[in-house]
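The following block contains the structure, expressed as structure tokens.
By letter and in written order, the chains are A, B, C and D; residue numbering begins at 1 in each of them.
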Amino acid sequence: MLVSGYNPVNGYIALWNGAFGQVFYIGETLRLATPYIFAGLAIAFAFRTGLFNIGAEGQLIVGWIAAVWVGIAFDLPKAIHLPLAILAAAAAGALWGFIPGLLKARLRVHEVIVTIMMNYIALYSSNYLIRNVLSKQQDTTPHIHHSASLASPFFQKITDYSTLHNGIYLALLAVVVMWFIIEKTALGFELKSVGFNPNASEYAGMNVGRSIILSMVISGAFAGLGGAMEGLGNYGFAFLQSSFSGIGFDGIAVALLGGNTALGVLIAAVLFGALKVGSLNMPIDAGVPNELVNIVIALIILFVASGYMIKWILTRLKKEAK
Amino acid sequence: ACGSNSGNSGSGNKDKFTVALVTDTGGIDDRSFNQSAWEGLQQFGKDNNMTQGKNGYDYLQSKSDADYTTNLNTAVRNGFDLVYGVGYKLQPAIEKIADQRKNTNFAIIDSVITGKKNVASITFKEEEGSFLVGVVAGMATKSNKIGFIGGTDSDLINKFAAGFKAGVKAANPKADVQIQYVGSFDDASKGQSIASAMYKSGVDVIYHAAGGSGKGVFTEAKNIKQDDPSKNVWVIGVDRDQADEGQVTVKGKDYNVTLTSMVKRVDKAVIDLSTKAKNGKFPGGKTIVYGLKEDGVGIAPTQDNLTPEMKAAVKKWTQKIINGDVTIPSKLK
Amino acid sequence: MDFLTALEIIISASLLSAAPLIFTALGGVFSERSGVVNIGLEGLMIMGAFISIVFNLTFAKTFGAWTPWLALLAAMAIGGLFALIHAVASISFRADQTVSGVAINFLALGLAMFLIKKIYGKGQTDTIREYFRQVDIPGLNHIPLIGKLFFQGVTYPSYIAILVAFAVWFIIYKTPFGLRLRSVGEHPMAADTMGINVTKMRYLAVFLSGVFGGIGGAVYAQSITLNFSSSTISGQGYMALAAMIFGKWNPLGAMGAALFFGFAQSLSIIGSNIPYLKEIPSVFLLIAPYVLTILALAGFIGRAEAPKADGVPYIKGER
Amino acid sequence: MDYVIEMLHIRKEFPGIVANDDITLQLKKGEIHALLGENGAGKSTLMNVLFGLYQPEKGEIRVNGKKVEITDPNVANDLGIGMVHQHFMLIDKFSVTENIILGKEPRKKGVIDIKKAEQQVREISDRYGLKVDPRAKISDISVGMQQRVEILKTLYRGADIIIFDEPTAVLTPQEIRELIGIMKTLIKEGKSIILITHKLKEIMEVCDRVTVIRKGKGIATLNVKDTNPQELAHLMVGRDVIFTTEKTEGHPKQAVLEIENLHVKDSRGVEAVKGLNLQVRAGEIVGIAGVDGNGQSELIEAITGLKKAESGVIRLNGKDITNLRPRKVTEAGVGHIPEDRHKYGLVLDFTIGENMVLQTYYKMPVSNKGILNYKEIYKKAKSIISEFDVRTPSEYTKVRALSGGNQQKAIIGREIDRDPDLLIAAQPTRGLDVGAIEFIHKRLVEQRDHGKAVLLVSFELDEIMNLSDRIAVIYEGAFIDIVDPKKTTEQELGLLMAGHRKEKVGEQSNV
């Protein structure tokens, strides 16, 4: 920033203020972090089990649509309707993960390509559904019924009308669930084992193909829930998207920054949310163009990722001190 | 509830009129309606001796759909008296925030919000402008095959398509309009492929409403011109005067494949509405429709490629529309 | 539309849209063959597109028709240098290669947009006037049928891409450099014991991925969009990645896959002109290319085997 | 004295450990010099120092009397030092020739002159009687052949001093014979050799001198003709080692494993097991002897459910287990010590504890309703570690960091701990030092004495003869004969393994 002639201190203050400076912005940061948590968990979960799921984006989109669909189509008591809508999102995401999982397990097709293709299929099909099934040739779907909404008047009140919604509880729950599955359950044990060494896992009696499919399904379900956060929480409807939301792709960085652990994802997601929300404030508050924010994010990622660099520099310094 | 519990929100605590706009994901450099809106606001600022910033006029750019509420709120919190939301995508966000922040006035461009005293809506009759370029297209075609390339299959885009088709038919009943969608606004490569397929199948005029994907349409037309300058290939631009996209030089001779463009004067609408608001006449709850009559849509000033007959026809139809002699459909079928 | 015209459209559209993907996927092949995963291809394309357009706009007056070619060189150089960030992070500092690649994507977009803003004071550039035009390849265009289908109304980069794919294939499979490159990606320690400098090879490979990614972006910008904005490159890098994997990390395979993507897409475009298909909802045509790709993958049973040491940092003396 | 190599007072440290501590090794021209020591004693490290892969902290190296700095393998190559590594440094997807010429490719106009390269490889191969096909792909050739490629690599680079790091661990007896022949040819051609092996017999047979190291320290350098295996074993382990496992007469009971007319295809679809019949009873060890590739692997894979049996029946304790999934087979009471421990036996990135429950993680008490009980896991691991003498910092250590011998002990501990009725042990002592072998042999016999059935597959005839109650000789997918170890000789087994039936043995001896 300095190099480019902007005042970096003011820039960062604006960034900070725009992310945490007022309760409103804290609410916005957490709200944006919510889908990031899910996308990050999805990708981290897959990574931990030896799979690279670039398809979180598509899984998120179908989850969004499914949640909204249920939210519109039924009129049920909240206790049934909301869980149903959320489950629908998870199921849709799971289905979107199932296909690449199945193809990998049965035909050894590389999951990276299939998930990339599935992203586009999700985008175009959901746009079609919005126009032709969920609405009568409209660009947005109707609003979901109140009974399926995650919106939280309480959060709105305490955060001065931010869009923070009850999904954050679910996200925190998901963090615990991911941690629990991976670290504490026999299922997680099996999935990790297959990820590390499929041969030995098969020798040990595990069903490798089933594990791969299951990993992708769980991963997809996480991403699908991320879609529910948008569909039931942030927006309350679905709309035509002319390009990807980017949450799924950013989720890759979130997962990796978080070291593919549940807690790490949570922290990285909040960091991402803060950077993105805070950056919106940089132009108006400090005159710093928010184009710089991607650069800042990139540098943060590089810095965190190059842990060895720090070790290297430290040993160099020590040597010089000697 | 109203926004009184936030320290620095609300308006009226400053004597100076301030105004901000929140873009959609296109940003203020989209060479389209966001940019046009911002240009309008800048002009308004200049005209009223305002400065850019929190005490005058400013913009907030949204980098994703998730940013609308944040940005609108930031604008409110910074005390702007009037906040524009540019693009139909901001409608739900404005609808929500307008209820929460009753002391701030909002304006939504390209969509309609009814029943809120602090929201004015601005829409354009894209179909009317599109009708005029349709008339031109119908007269310019030699193959009687005309193309329309849209970004996505959506309401807004179909307004362009519907008006265009009606214009073509009005001028040339024998001509046929093929409609195809790219699926996105940023896939120039696919835009070019579609254009290529259309031109190769005999289409000689294409009207695009496809944003960045439309770039490929110009590229394809220029390529054809390059190959054979005598060929009858045209592109009709959208939103602003896109004559600069169509320039091509073949063997030292300059051509322009941009037949003309359909312009949407968002800038004008912004200036109008801002002026009204400044003068305390904010049309809350109302929808202002900018059509040909209001000079909100129309045909671009660059008309070098138009024959006198075409210009005459445009003039004739313009008059008819303004007089209300014809109504232009805004929906495909 | 008659069959021949349809064929003509399919071929020319495939060639056009495949060219940038081929170049970029070849860059991916270099990098991953040496054992460095490169998900930063998207960012490298962004850099290439950005530099080529800036160069083009700046020097078009000076160099005239040569401008796009020289801009290509600039994109190669800057792309290569930019890729070195990925090399330093992932090879020397042992950052996770995927993380580093993702960072490259962010950095490229941020840097390019920031500089565009700085240089031009707006968010997208003007349209370039000197670009890769569609031409008839002299001599070849007169071959009956073939000439019309393959050699009329094409851009030079399309054919160069195909030739380069063959050249890269040759380099990777027939030259000492290629043998060493592959050895480093398969079994770096074995290569080390044979006196090959693993780090140097990997740096070189990542540099080359930047060079080729840069070309890919520059070709895209200078033959299709003709300007640069934040959405000029939006997903093509990932498609190139997919092409590389689809092509089983083989230069010719990657080329074939890129052509296949172009083919599948133009097929869907043509589809809407076929009377029978006109009736079906357009969404099926939109998703057709991607569904076709998945089907093709499922059909080519036999797994895509990545280079063995792909993604594994080489730490001397560690087993 | 004429030393071609002198490594003087070498010290090499790894974080937290001194792998080589003041070791001196001197190699005479034209000799085969053995380097002997327990697993982890520091042999490979010392040789990697000589080959330039590691830099020593202290000490000096002289080649032909001149002090040298071997900073990387290139320098070693230039000094005429070649190394056949313990874990082969070969690239599976490359051809033999490509592996050999890598880094020193003959070229024509900048392109690899593959014709010339193949020609050169063929020439060297012929000269030393290596019989290698220059065009074959590494993944398609046998381990023995791969090793010859490694040797060719050193010869191609004109090495005069060749280091063999445990070359015989992975070879079948036939291949070992051939390798010894090759080494003798090399010596005749004026080369000098350093040979690392755990097999004392081999040292006695081919080596001139031997240097023994223990825990990173040089213990002694002896003339082979002045010593014997007992003394060497004592020097290296620090105590007396018993070579033949003591075992009492077996008391076999009911049949545990019954195989009838089994047919199995190999991965290429060729029939590898052809109508095989076998019984293993409770309380006996049945050893399977045979040349590699005669259907041993397929037989084991069919029993354990990893490969489909085309026809035939496999019964365990009378229950049909043919073509059950591996998990069902495990649950039915089969334990399996796989041949390739890294690929099939362990998840290297899991801790020892996690590896100890690789088959049982879903069952009580390790997991309850799908939730793992890590306390139980590590309790179990701890008990296996102490019972099977697994040398590891803790049960939380990643298995990757363990030495091969200790990894093997952990696997054996895990399999025995599950208390299977049938224990299949494939090459259980490959690459281990005599101390570890002794330990493992004891455990296998113990299992037998506890009334378990043990099926042992090994290329080591010593091991087979020593442990088995019956020896089944496999040849081309079926048992050519089943013999009593007390009534047979290595020669007879060798002939059977080569496909000569008993009658024919008689005929042959008549000739």
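Following the convention adopted for this analysis, a residue touches a chain if its C-beta (ideal position, glycine included) is under 8 Å from a C-beta of that chain, and two chains touch if they have at least 3 such contacts.
Treat the numbers as computed from the prediction; the structure is a model and nothing was measured.
Determine the set of chains touching chain A that also touch chain C.
Both chain A and chain C are touched by B, D, going by the contact rule given at the top.
Select the chain at the greatest separation from chain A, using centres from the mean of Cα atoms.
So the farthest one, by centre of C-alpha atoms, is D.
What chain pair has the highest count of contacting C-beta pairs?
A-C
Measuring from the mean C-alpha position of chain A to the mean C-alpha position of chain D, what distance in angstrom results?
47
Taking each chain's centre as the mean position of its Cα atoms, how many Å separate chain A from chain B?
33
Just curious, how far off is chain D from chain C if you go by their C-alpha centres, in Å?
46
Of all residues in chain C, which are in touch with two or more distinct other chains?
231, 234, 282, 286, in rising order.
Residues of chain B that touch two or more other chains: which are they?
153, 183, 185-186, in rising order.
If two chains touch, include that pair; go through all of them.
Final set of chain pairs in contact is A-B, A-C, A-D, B-C, C-D.
For chain A, which residues count as touching chain B in their complex?
Per the touch definition, chain A meets chain B at residues 18, 22, 24-25, 28, 32, 123-124, 127, 131, 137-140, 156-157, 160-163, 230, 234-237, 239-243, 245-247, 276-277, 279-281, 283-284, 290.
Within their complex, state which residues of chain C touch chain A.
Residues 39, 85, 89, 92-96, 98-100, 102-107, 109-111, 113-114, 117-118, 231, 234-235, 238-239, 241-242, 245-246, 281-283, 286-287, 289-291, 293-294, 297-298, 301-304 of chain C touch chain A in their complex.
In their complex, what parts of chain D are in touch with chain A?
Chain D residues touching chain A: 304, 306, 325-331, 336, 338, 343-350, 354, 357-359, 361-362, 367, 370-372.
How about chain D: which of its residues touch chain C in the complex?
The touching residues are 48, 51, 53-54, 72-74, 77, 83, 85, 87, 89-94, 98, 101-105, 107, 110-112, 153.
Contact residues on chain A for chain C in the complex?
4, 52, 54, 99, 103, 107-110, 112-114, 116-118, 120-121, 124-125, 127-128, 132, 243-244, 252-253, 256-257, 289, 291-299, 301-302, 304-309, 312
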